[in-house]
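The same chain A turns up in both complexes below, where it pairs with chain B and then with chain C.
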Partner chain A sequence: MAITNLSGTRFRLPFWRQLGDWAPTGISIIFGYAVLFILYFPIVMLMILSFSGEPNTGIPGDWTITWYEDVIFADIAKRDGEAYGSNFRVGDPLLLSIMLAFITAVACVIAVLIVGPILPRIKWRGPFLVGFLMPLMIPGIVGGVGLFMWYRLVIHVKMGIWSLVLAHFVWAFPFALLAMLVVASRFDTRLMEAAEDLGAKPWQRFWQIEIPILKPGIYAAGFFGFLLSFNELPFSIFMRSGQDTLPLYLWIQSGAHNTTVPLIFAMSTIVTIGSIGLTFVAIKLAFGGGKNDVK
Partner chain B sequence: MPRLPAGVWSLSGFSLLWFGGIVLPLLAIILVSFLQGRGLNINFDPTIKQYERFFSYGGGEMLARSVRIAGTVTLIELLLAFPFALWLAKGCKNNTVKLLTFTALTVPFFLSPAARVIVWRSVFGINGVVNQVLLGAGIVDEPVLWLIFSEFSVHFGFIGAFFPTMVWPIFLSVSLIDNDFLEASGDLGASRLRTLLHIILPLALPGIVAGFVFTFIPMLGDAVVSSYMGGNNVLMLAAQVQSLIGVSNFLVAAALAAVVLAIMLAFQVLLWFALKPVGGLAGVFASLRR
Partner chain C sequence: MTSSEAGAGGARAADDSPVLSVQNATHQFGSLVAVDDVSITAGRGEFLTLLGESGSGKTTLLRVIAGLERPTQLGGIFIEGQDVSAVPASRRNCTTVFQHYALFPHMSVGQNIEYGLRVRGVSLSERRERAMEALNLVRLPETYDRRVHQLSGGERQRISLARALVTRPAILLLDEPLGALDEKLRVDMQVELLDLHRKLGITFIYVTHSQEEALTMSDRIILMRNGNIVQEGPPTDLFDRPGNRFVADFMGVENLLEGTLEAVSGGRASVRVGDHELGGIWSGGDAPAAGTKVCVAVRAERVRLSNESGEGREDAVNRLPCRAGITIYKGKYVDRTLDTDIGAVKARIWDHEADLADLTSLWWRDDECAVTLMEAEDS
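Our next item is the complex of A and B:
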């Protein structure tokens, strides 16, 4: 688009301002949001179908909460030692998953506090970064097989809760670290030096300077660790021992019979809504506000 | 006075632990794939028998299929994501729209991959809503079977699931391009196409390569979409590895995983070269500081 100014010379609008009225841009925006629609349609549909009478057909309607009752009561009946219609019992997997997610979150926060503040300050951070972020570029299935090969085949250790914790930590730590690095690279180390000059002891510098400034990164690391562990599947397939995590249990059930599909929908809906809620809390705590920014 | 920052020791200690968590297992894959044995008992006799076995059982075909599907979808994602990311980074002026789109692109990372695709089976199934609508409208006479458990459905499932991993890196690299460059290019009389090809594309290349790696590699090893959308009809890498482990054929599984690892390492080298002009991974983070 050319615009004529008062003196009569024609000049062009900057490129990025012309993008708005560029026809291909319009198409690309439509396509982009179309893909986002494809991404979110099944999530919304999951929630709608979990309240529908016949979820298997994918047709909403005939509203009911019977699937949710089944999910809850089947588990309570099992705890009381009674028989109940369905064989679908999510209680133990749910507890295991919450426990794993909590441990992973705490581990992520500790690890990120060790690595995050120091990494932007050292000269040879390249190799460390590549090493720490490597799992992001490894398909979960390969990482899982690798852990399995090393611990089970090569050094012959029995799998247990520890192996699930290890796998979930390996999977979640890179994401937690990324979040922390975004915060930590903005950390002005002169604040620490000033505190030292003013006589602050190491633990005072840690608690009163480092922790408050890094707080958004700490929150993010904790929430990311929790959520990524809670929904993790590929690593868990190989690192479990007897007990199933919730995603594993739903995964196995969904392969088994059609009759449990409505219950899987109901349970997945609960988990999805919980995860979305936690994600929003995490984003708000970690990146919202910006009050903690020290420039 | 320059000195070693406190905490270098704890960093080293943690790195050692991390080594046991991820590097040793990856090395173990390569090691085990060259050994022989049965079940959990392996003896340390080097051999390439496992690779021969893997390929003689039709593993090559499965591998080619996995690479083909993941490659096709990655290219589609690139075509969809690049213009979208460009618009998001430079064109979109509405902050609310931007924020909503960012959120929409972030939330899926934290949802269960299974919960994200399981519904398609009901929607696309023989008695599913799509078939009922098509039958009801008289467009088809009998249910369309290729809607689910086919290569079509696998491609379709991947496109939604792996869009954010392509958009984010490209968005980041494009938003780091200084607007002055684009303005200068325009002022000097370059057409929009010329600016795109000679300014934006070279500067966004690291992001494009990163997006390619972050999309292609996880898709190649994806366990969820391929089995929910493809069933037994479209067998891909992850399902094959799982079934091999399931029947205690650990060594062939290791050979297969080693092949994937080799592909992955090739891409990491590619990414390393792509990021070199901007100072490597460390440079990307340095630029975040601005």
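Our next item is the complex of A and C:
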């Protein structure tokens, strides 16, 4: 630390007196990097290993794309009725997961459009907010068991796609709602009055004023619905019947067959990159042209 | 009061039927009565001001006219002779300029202005043409493609004015439109609004809490308090002939002296205040019995200073001996507080030569002074 005295000459404190100044910052920096390392090392390592010849050893090297070929062609081979070296068939789980994610996203957008704009404006919104957001705090396994009991024993929903959709919706809705509330709570309802005053009928006010202004919240809700459903595991464990979602399939494969582990590495890499790509697209859609729209 | 007095406004159509008539409107928020059985009318091309402090019900009344508030009880609302009591705001032939502008943030200036035409299904080319017309009217033709957030407060208010005018409503409702602007801009906008009113001949109904704005612009003022009309009339009426003490106070009369009425004759009232006999023009409507408590209202600029005793003079009726109190220098004028035996009296001296250091008394002409009722017990 340099101190300038009144006469303008500069002098330095001895380094042990400076220690107290930078030590806390230093600790923060080291800790921060440590957290980032713990977070990303396994993922980066997984990606590197997915291109390695002997991934099960944990040592990168002997570069190859054979695992990717296996992931992709095993499935094509299966469709063509040929036997292929691996029994790792990711096509159906991937399709199911994408479909589930899409339905969940649409359901989240619709639900959030119904609840979101009204919630910030009702007088006793506290209990409603707690009620809607509570599932965030319930562990997935507990929620899964609960839903399983409820669906099977009480309302007799058959386990299958629709039980999965319901569970994914229950799981993703609070996040989607939260994303919508960020936008909806800032929405100025006086704009709706102004539109009415200018002659707009209810549906015109809805499509021309409310929807465009809530657009970032709508995109965010759909995006959360999609990704949370696509990556969901605990609920899916209890809700499936016969059909596996992608995370479920990867989880089962990683436990069962030693030989498919390299394929999991490859598949995980594809999913991760896909997710990141989707996130960027969603952010661009939601907030890209939106800078000018902010009042 | 539907006949149009000569005022600040300009051209009037020959049609004398009121363009707006609200009959017996009552509006309650829970147990709070915001508008209490109020009836008003507005003539074609009139500039009518609803004046009052916050909570007086003026904005609620405006919203009832616009259709944004459904009144608790209503005799009827007629716009251009048509009963619109059951007609929603979107189909009433009036538009509002809001204090908070309420411009749509996701639309350009042009799209904002065209919105009223868009929802009516007007073609794109005509929309654009009429929006440019409206933009020229508010003197901002170059802002068509701008975003709302790029505009200053004054510009936003003018755009919101253009947006309300573009559909050519029969009545333009203005809800404290200058409230959020700074002093200088406010004065400029007053002139601009007057100009627009003169040019377009549309009926303006203008809500404000500023007596100065009301006096400058209105053909007629309706002064409201606690959901009721206290007084209505042309600006000169409210300014010079306040109907009771509240009106006088609201219109900025500095000296309000309480006394006992002795007599009213030929429009002149004589009042006993302390040991003095004061006189002025009776402004309180039907004269009450002698002995009633009344209020002598005299503006500070009407109070004159003197160092003569004034005995035997003609204008001696409103003469009070006094001592000099505090003097406040205000630049354009000087405010002096003068102590008399009936309390402090404020005098405003514009002319330095009229200011006296060794004054002994003050006086005012009785035709420049109003005598009026005390406030109603509960209005």
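Just so we're on the same page, the second predicted complex is superposed on the first by the 260 of 295 C-alpha atoms of A that agree within 3 Å, B and C clash if a C-alpha of one lies under 4 Å from a C-alpha of the other, contacts with A are read in each partner's own complex, and residues count from 1 in each chain.
Definition applied: a contact is a pair of C-beta atoms (placed from the backbone, for glycine too) under 8 Å apart; a residue touches a chain by one contact, two chains touch by 3 or more.
The model shown is predicted, which means the values in this text are computed figures rather than measured ones.
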Based on the superposition on chain A, does the combination of chain B and chain C result in a clash or a fit?
fit
Of chain B and chain C, the partner touching more residues of chain A is B
Touching A:Phe265, do we find chain B (first), chain C (second), both, or neither?
first
Quick one: is A:Gln204 in contact with chain B, with chain C, with both, or with neither? Answer first, second, both or neither.
second
For A:Val130, decide between first (touching chain B), second (touching chain C), both and neither.
first
Have a look at where A:Met180 lands relative to chain B and chain C in the superposition and call it first, second, both or neither.
neither
Figure out whether A:Ala172 sits in contact with chain B (first) or chain C (second), or with both, or with neither.
neither
First, second, both or neither for A:Arg190, with chain B first and chain C second:
second
Return first, second, both or neither, reflecting whether A:Leu94 touches chain B, chain C, both chains, or no partner chain.
neither
Which of the two partners, first being chain B and second being chain C, lies in contact with A:Ala107: first, second, both, or neither?
neither
By how many Å are the closest C-alpha atoms of chain B and chain C apart after the superposition?
5
Intersection of chain A residues contacting chain B with those contacting chain C?
none
In the complex with chain A, residue positions of chain B that touch it
5-8, 10-11, 14-15, 18-19, 21-29, 31-32, 40, 42, 80-81, 83-84, 86-88, 90-91, 93, 101, 103-120, 122-125, 127-130, 132, 156, 159-161, 163-164, 167, 179, 182-183, 185-187, 192, 195, 213-214, 217-218, 220-224, 227-228, 237-238, 241-242, 245, 250, 253-254, 257, 260-261, 264, 267-268, 271, 280-282, 285-286, 288-289
Residues of chain A touching chain C in the complex
188, 190-191, 193-201, 204, 208-209, 212-213, 215, 292-295
Under the definition above, what is the set of chain A residues touching chain B in their complex?
11-16, 18-20, 22, 24-25, 27-29, 31-32, 35-36, 38-43, 45-46, 49, 55-59, 111, 114-115, 117-122, 125-126, 128-143, 145-154, 156, 166, 169-170, 173, 175, 181-182, 185-186, 189, 202, 224, 227-228, 231, 233-234, 237-238, 247, 250-251, 254-255, 261, 264-265, 268-269, 271-272, 275-276, 278-280, 283
In the complex, chain C residues that touch chain A:
66-68, 88-91, 95-96, 98, 100, 102-106, 115-116, 118-120, 147-149, 163-164, 167
